[in-house]
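Okay, so here's the structure we're looking at.
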Amino acid sequence: MPEDMSHQLLQAMNRRRPAVHCLTNTVVQALTANMLLAVGAIPSMSTDIAEVADFTAGANTLIVNLGTLDQDRKMAIEAALETARENNIPWILDPVLIDRAPRRLAYAQELINSGPALIRGNKAEISALSPTESPANIARKTGAIVAVTGKTDLIANGTQEVTLTGGHEMMSRVTGIGCAGTALLGACLAVAPESQRLSAVAAGLTLLGKAGKEAARNAAGPGSFAAMILDQIYQISQSSLHERKEL
Amino acid sequence: MPEDMSHQLLQAMNRRRPAVHCLTNTVVQALTANMLLAVGAIPSMSTDIAEVADFTAGANTLIVNLGTLDQDRKMAIEAALETARENNIPWILDPVLIDRAPRRLAYAQELINSGPALIRGNKAEISALSPTESPANIARKTGAIVAVTGKTDLIANGTQEVTLTGGHEMMSRVTGIGCAGTALLGACLAVAPESQRLSAVAAGLTLLGKAGKEAARNAAGPGSFAAMILDQIYQISQSSLHERKEL
Amino acid sequence: MPEDMSHQLLQAMNRRRPAVHCLTNTVVQALTANMLLAVGAIPSMSTDIAEVADFTAGANTLIVNLGTLDQDRKMAIEAALETARENNIPWILDPVLIDRAPRRLAYAQELINSGPALIRGNKAEISALSPTESPANIARKTGAIVAVTGKTDLIANGTQEVTLTGGHEMMSRVTGIGCAGTALLGACLAVAPESQRLSAVAAGLTLLGKAGKEAARNAAGPGSFAAMILDQIYQISQSSLHERKEL
């Protein structure tokens, strides 16, 4: 099922060219933009308080990634979330390394009150949000889909839960594969009907895992892997154009 | 003609190692620096108000790219333009995504009063500057060369116009090829006589298009393409050293 | 000797996964993180004044790189150095382009009073620090190891001096190989006994040079070289796991 959904989403991305505004950390901006471009989505990344409302209003999804967070970026996040709320634009929280910095964790918890459609993190990050609760419980309380990525991926929306295997250890040897993956999920949510968001997230992570596994098969190390995972995503996106089912 | 000019410019870059100071967005900084290094130019990217005058004064060309613009960057742009004016250093405006953000557009229009030697953008960006005027008209009014890049490139200086074909669709699937290309044009202007700037811009875009086309021939997707276009530019630069004509 | 030491350090990195907090310029952040991940180290890059103490306190080494320096970054540097001092965490200064900007040079000289374990720069940068003194003299005065990298690398600690050849010209055609190399040395210092820091720095630079030389053998230009040097570092790191000697 996720694979069929992948094809449909990729076809829709190629047709609609969704705009994804990414408030994301400076380390992963290039990889993130390139992953979005590989599937035909249109990235933008301005964090300026004077511009962020314009860019967010024109976007189909908003990504809020907490890496390299600073005061200006926090103001931009607030302005962008305000615009997203007014325009009913879904937004995704990527709580990067909140397990390493208590003040960043507190900020992430505050942001969750603004109703993200999806929270995507690794096990340590999602655990930090609420150490005693399961992802499904966090999903129930927040109303967000919660995706915990790692060796296996778990996706929960409070009523359903999906577990995915796939991917490759090499994905953790390149900075930003997780963050760029979050932006890819943003492109998925941009073209999926609201009722199918859980499946769309699963389809997006399936695509990423498949691309990662295939790239790792041929890569001589993390340098060539980073190029090859983009190549794979692009190839899968292009080949989806020859599939029959449309969303 | 542009190809001969390319060789001459590339030889001059290898000999003179022009310094190009780039006030450019954080998404494309690495690719931009790498494209400059591939032709033997020396990139610098400081945006700090305390340093930008020093770096600009030591540069042969200044790039002002409006991506990831913020207040600090605006102050840096003003200080750098002041220094460029005092030292008669040509500067290039890359009005990234001004079609998406009205306040950025207004800022771009204000900057043009400081007399850029070149404005380089895609069709949507250049149209946004002045929706009812042709690039040639914008060139006449501003005194700048105007380069509109895309499937075909158009370069106008108010009296002459050059159209180039070449390049490849894959160039739009990697973030920053356009922005890095602007910096490459900065290296071209740094070594070209002022009377030959139109030809120098055409030669630079010809080089970029040729490298892109050749890279796309062998790339499995945008990840490997991004590496291969740099390889191609480097190879063309190196092979120019064995050509006879010198500028 | 440095090669044996390399194996031991790489084994220790794989086992201990040292955290390296990098206050580094936005141009080279991705390459720097990727080089650390290639050897199994854990990078973090926050420069926010509200978070930098948390990240530094959890790190095994701190990198202070002066590229794309600004006021916020200077405040972050001060806060991080304070935390490093309190927690006895070694820190490394990479005085990027201080030969180009007098105010950056003055700032670098001020920072040296905070006692870096290592200063790593190219010849022009280290000369700018103290034009009339040898690296060995600078080491004696500051108490830091001084590493001058280039065609040959010179490493001095005031009593000993090591000269290394190796590497390849292509390393200067990719932005950030030097900066990322500094972070790699941070991972080396994180796992080396304090008494063996000179050898650890030599081992780290030997590893980088070896990887660069091997990558250049197969690269078609700087684009593929950038990927291949990461692949090589990863491969050497992985193959060290099959060596016998442990640190």
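List of remarks:
Letters A, B and C mark the chains as written, and numbering starts fresh at 1 in each.
Just so it is clear, contacts are C-beta pairs under 8 Å (C-beta built on N, C-alpha and C of every residue); 3 or more make two chains touch, one makes a residue touch a chain.
Keep in mind that this is a model prediction, so the values were computed, not measured.
To overlay chain A on chain C by their CA atoms, one rotates by 120 degrees, a value rounded to a multiple of 5. Under half of the residue numbers at the chain B-chain C interface are used by both copies of the sequence.
Separating the centre of chain B from that of chain C, both taken as means of CA atoms, is a distance of 32 Å. Each of residues 26, 30, 226-227 in chain A touches at least two other chains. Of all the residues in chain A, the ones that touch chain B in their complex are 26, 29-30, 33-34, 37-38, 43-51, 54-55, 58, 72, 226-235. Residues 25-28, 30-31, 67-71, 97, 100-104, 172-176, 219-224, 226-227 of chain B are the ones touching chain A in the complex.
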